[in-house]
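Next, two complexes with subunit A in common: one pairs it with subunit B, the other with subunit C.
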Partner chain A sequence: MSESKAKNLEVKTPFRTWIRSRKIQKRLLIFSFMFLPLFLLLVFTYIPFVKMIQFSFYDMKYLGTRTYVGLKNYIEVFQRPEIFGSLLVSLYYMGGALIQLALALFFATLMVFKVKGEAVFKGAMFFPYLICGIAVGFIFKFFYARGYVLDSILQAFGMRLEDIPMWLQDKSVNNPALVATSIWRYTGQNMILFLGAMMSVDSELYEAAALDGANKWHLFRYIILPSIKSIIVLNLILSISGSLSAFEPPYVITNGQMGTGTYFVIMNRLAHENQKVGLACAMALILLAIIIVCTIAQKLFFKYVFDDGTSDESKAAVRRRKKAEKEQKKLMRNGGVIS
Partner chain B sequence: MKSAKPIGSIIFSILKYAALVLAAIVSLVPVSVCVLTAFKTNDEYASTSVLTLPNSFAYFENFKVAMEKANMLRGFLNTGLVLVVVLAVSVFTGAMLAYVLNRITFPGRGLIENLFLFASLLPGIAMQVTIYQIMYQFHLINHLYGYMIVLMGTDIISIYIYLQFFENLPVSLDESAIMDGCTYFGVFFRILFPLLKPAIMTSLLLKGVSVYNEYYASNLYLQTPQLKTISTALYTFTGPYGNRYNYICAGVIITIVPILIFFLIFQKQIYSGMTAGAVKG
Partner chain C sequence: MKSKKLISIALAAVMTLSLSACGGSKGTTSSSSSDVPTIDQINVGTDYKDLTASIKVLTNRTDIVDTTYKKYVEEFQKLYPNITVTYEGITDYEESLTLRLTNGDWGDICNIPTTVDKSEFENYFTPLGDYDTLNGTYNFVTEKTYNKTVYGIPNGGTAGGVAYNKKVWAAAGITTLPKTPDEFLADLKLIKEKTSAVPLYTNFAAGWTMGAWNDYVGIASNGDPDYKNNILLHTKDPFTKNSEMSGPYAVYYTLYNAVADKLVEDDPASSDWESSKRMINNGEIGAMVLGSWSVQQFKEAGNNPDDIGYMPFPISVKGKQYAAAGGNYAYAINKNASSDNQIASMLYMKWLLEDSSIFSDEGSIPALKGSKLPDSLSEFNGVELLSDNPAKEGEENLYDDIRNTAEVLSGDYPVGEVLESALYNNKSLDDLMNEWNQKWTSAQESCGAEINN
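For the complex of A and B:
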């Protein structure tokens, strides 16, 4: 028994020294730990990305022949009335995003001051974020349907049914009605983000300021706002690309009918129903270009506007900001190479 | 001046609570009305206002119908299976990748990090146009494992959470372990992985919610009735039952209850997880 074990060891020795050498170990580690994620990244992100660029120059379906059409798809994106209409619809979502940020900021500020039953209010406002988009869609389809929830509530307040618009059919109100569902869903989540940033401020600062006779507005203006300005700007910029990416509310509630089709809803229809794959790819790339522009704007903003004005930011905020900047910088360099 | 202050703060308090109560009501009303409607019989549903209470909260017929018509049991099974596999794999791949990217220097590391960063900018739904084609070529459509692979392949947020967490773990931990003769693999599995618990928790929560709620890819890649997940099962109500809101509401409540229980248990962790993941937006 012990003999064979010794023999075994002897045989293994070269292998063992080999495997024990740091250099080999490192290579093995890098390969084995990164293979799967990199493989997935390649197959599900970069190959589709390259294909997307390629397809955008073709008139094609998923199957069958393709014809090279040059820039025709890109031109068509700007000429199709439905796509142009969807850009206008996005403006509603952008406006909604602003309202949502303002509400989130307002409620987060209220929560910073002592509130009884904070957990209940927080929970009630945050929970819609966790509900799946399809369920949210049905909840509001029911909510807005003629004679159901919203109409009943308004009637209880004395409005006559004849005076109430058809929320989802009337083109003057249907987009705001859909935008409201996304405000309903995301305000609580934004609030939690803001609250997290506000809580990173040392609470002694509030007490000291209160002792110095600062009122609530002063506290907000000089302590709370500086601590979260970077996250506000980040969210403002994200709301631009976010409003172009709005998808679930119109998809489930109105199926993009009656002028409610957002950019993604139209793209989804073109890609999977009409099988205009090339056109859909061109749309996707134009959206990507807008996202990249937003990211650059964000980077420039952080670099020039917040530069050195760090004395009123918390240490943690400075660190986060620096890190984000660094990441952005790297990203830009790489983004430039790829696109 | 001094006597004015308390009055001001009383008014402030009143307004504050009024605003909060209003916000809570607005948040809860749309869901609550669904709960009421889900307990109404067909007659009640047809004859009463949606705002009235149902006769009895022990009427479960709508839930039964919803479960059967939309095949929601199947949906729960499929979603549960996908959750287990995707979460288990993504914990390990995410943590391992973050370990290599954060702790090991090698040529091309910066490039790889940037590739992941750039990937997070690509609009998800838009990418499915071409991912669909790849899935088609590899015959991965209409297989649960195909759907799982897609969800694993587009998992960038958890990688960020781990990367951030590694930043805050002192490198001296690794160094002393390596001095003691520990291999790189040993450092990861014996020393660092157990310390990652909070990050694992966060990524499981965020990823778990997003997988449970995922609709788009599931709709695209799982098209047979047997393969419906919970959200595509719910979506079947747009068809022949489009106007039977007592059934639809029951279906909605069925999908919400698990996530509500989950929220009540993990409230604190979800909030801090949101904030932790926020750097990436």
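For the complex of A and C:
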């Protein structure tokens, strides 16, 4: 009697032991934490993306029937002159991204060394990034309006109203004006990003270099720049895709008219004003393809010019390492005998 | 340890179950509208006195949601204290509503956006009654009718014309209102020479103010109530110039030349709608091309309400001027709401259209037939007020399909193109109109419309 009782007490069901095992508990934990973010990702990113691919093959509006048309939308994208013309406007934004990069590096370098009141400066420069893009658009809409903020400031400096160009109308200045709003918004964030990367550089290196007679520019070029190479490369890749998909400045400030319309603005107009949802989806997918091509091209460029720009070694160090690896391989092949 | 686990599991279960409950209750009461009456059958003030409901109204008038509309709700609740009405103002109305309608849970009453095809009305909105009955009671019901059933009743109507400041025009020495585009342009030139006001303010930056020019392509430019819905879609090359200077060409001719002759504001890209209302009231603007709904807003924007006048659009067809009286945004009821909500919405809608002060407040043509015309149209003597006739059966969507496929007459952007061509002087009006003709023809072909000469 006692034997069977003892047996009952000892034997737990196999499922309960299995689920209490350390391995399964760990997996359960990982799964339950990842479930919610993955679910949201699936519902809000992947499923709409698949749907968009499906929509691009149809001629449809948001409400109503959908007719399958195959590749007609894609052909139409290539036939319309204004769509690829709008990509040229993106070149302005790319130029702006380079200016942004330079400014951010400059300010970050200044802040690496002790600066009085650096918290205030950092906060003030980062602040524009926190403002929502639409709000930034409205701020600058009034900033550039004729006779309003910018014009008043310039007039206080002595310029006459007739000499000041019409910031939103003159085709020679309206795109640079919009790009300037983008630079204003993102420089601070880039600066903080670079600053964080620069903090990882050992400060003794600066002392050593200063002893050897290096000035601030040499410090930047030979110590700081190589250490944060990977962040800069990443930033350049992101800025290319960002400038191709620039939307908020032109949409809010000029509604994409007067020659400031970027690819995204045209896509939005086709989808929502003209209800050509299928065509807009095809445009979006073509943009995705362009961005992928550009990113791959950039990666290849950096790989060959900078010998794998993802690591933080300098070019010479990489070459030395590769040479050493080759030598080792040779040694192993020849069984340890140096030929 | 064990009790902690049990509690956490129980908590998660309770939260999940409560989520499903909130999803379920909306789903199970989506009713058939067979138990909802039609709008001519209910009597406001006497029927359904014990109905309790809470309805939501979506509106584009974000400026008066908390003031005028709240006043209407309070008045309505004197009759029906158990029905609560909340307004939700939406800034980007057309785009937001188009997306919200795809999910059936958007509220109870809305203004039907222009993006909804007539054949889609029965999928989203409660039928309000049949066409022949309601057409005898209300104005402008043709626009939101499909298959002889009315789905939306407009919140009054406006006539198309041009708002102007009487003082500015008098100061420029103009004594008679213009009747042709060239007379109008000559008057604008006089205003520019003799006064310091901006002759014509385009409000280009606001976007929708450009789309307003498309409304004059119908009756105002042709004098024919069949033009917009029945003739234009079958016409070959409708944007060609004609010798009488009427038709669609004349409408855009007015805009193009006003911009080309520098009779508009210096920088259309930085125009501001809200401050332009004050400017026209103060005599800093001569004229603006907008519907008669704008007159009331201009009068209230400053200290000179009597200076605001409204003239018919300066096109004469065989010597006579015409104006299109069209319905404003139309109220419609959500088909997928509960039947109590639908009935409550119908009561509120009927009260607004028949008993409230909304039309005198907005200065629009009232919804009920036989009501007095608003003061804003007092200068339309000798002008014939016509309404667009409905499209032929089976062709209700064709006009919208053609204009969206062609991307002409489709909204703000094409009219913006007219303005830009004139501003940068990079395209002549004739070239642009020829392009539009070509786009129109290829759209007619791809939508399968007959082309008549």
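Criterion: the second predicted complex is superposed on the first by the 254 of 339 C-alpha atoms of A that agree within 3 Å, B and C clash if a C-alpha of one lies under 4 Å from a C-alpha of the other, contacts with A are read in each partner's own complex, and residues count from 1 in each chain.
Note that a contact is a pair of C-beta atoms (placed from the backbone, for glycine too) under 8 Å apart; a residue touches a chain by one contact, two chains touch by 3 or more.
Owing to the predicted nature of the structure, the values given are computational and were not obtained by experimental measurement.
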Taking the superposition as given, does A:M159 touch the first partner, subunit B, the second, subunit C, both, or neither?
neither
Contacts for A:Y62 in the overlay, against subunit B (first) and subunit C (second): which applies, first, second, both or neither?
both
For A:L168, select first, second, both or neither according to whether it touches subunit B, subunit C, the two together, or no partner.
second
Is A:I24 in contact with subunit B, with subunit C, with both, or with neither (first, second, both, neither)?
neither
With the two complexes superposed on chain A, say which partner A:K51 touches: subunit B (first), subunit C (second), both, or neither.
first
After the superposition on A, what does A:M258 contact: first (subunit B), second (subunit C), both or neither?
second
Subunit A: partner with more touched residues, subunit B or subunit C
B
Subunit B and subunit C footprints on subunit A, overlapping residues
62, 141, 145, 148, 272
Would you tell me which residues of subunit A are touching subunit B in their complex?
20, 25-26, 29-30, 33-34, 36-38, 40-41, 43-49, 51-52, 55, 62, 103, 106-107, 110, 113, 115, 119-128, 130-135, 138-143, 145, 148-149, 152-153, 156, 184, 188-189, 192-193, 196-197, 216, 231, 234-235, 238, 241, 245, 247-248, 252, 264, 267-268, 271-272, 277, 280-281, 283-284, 287-288, 291-292, 295, 320, 323-324, 327, 330-331, 333-335, 338
Interface residues, subunit A side, partner subunit C - complex:
61-64, 141, 144-146, 148, 166, 168-169, 171, 174, 254-255, 257-258, 269, 272-276
Subunit B residues touching subunit A - in the complex, by the definition given at the top:
12, 16-17, 19-20, 23-24, 26-31, 33-34, 37, 49-51, 93-94, 96-97, 99-100, 104, 106, 110-119, 121-123, 125-134, 136, 149-150, 152-155, 159, 183-185, 188, 209, 212-213, 215-216, 220, 230-232, 234-235, 237-238, 245, 248-249, 251-252, 255-256, 259-260, 262-263, 267, 270-272, 274-275, 278-279, 281
Listed in rising order, subunit C residues that touch subunit A in their complex are 94-95, 98-99, 101-102, 115-117, 119-120, 123-124, 204-205, 207, 266-270, 272, 404-405, 407, 410-413, 416, 420, 423-424
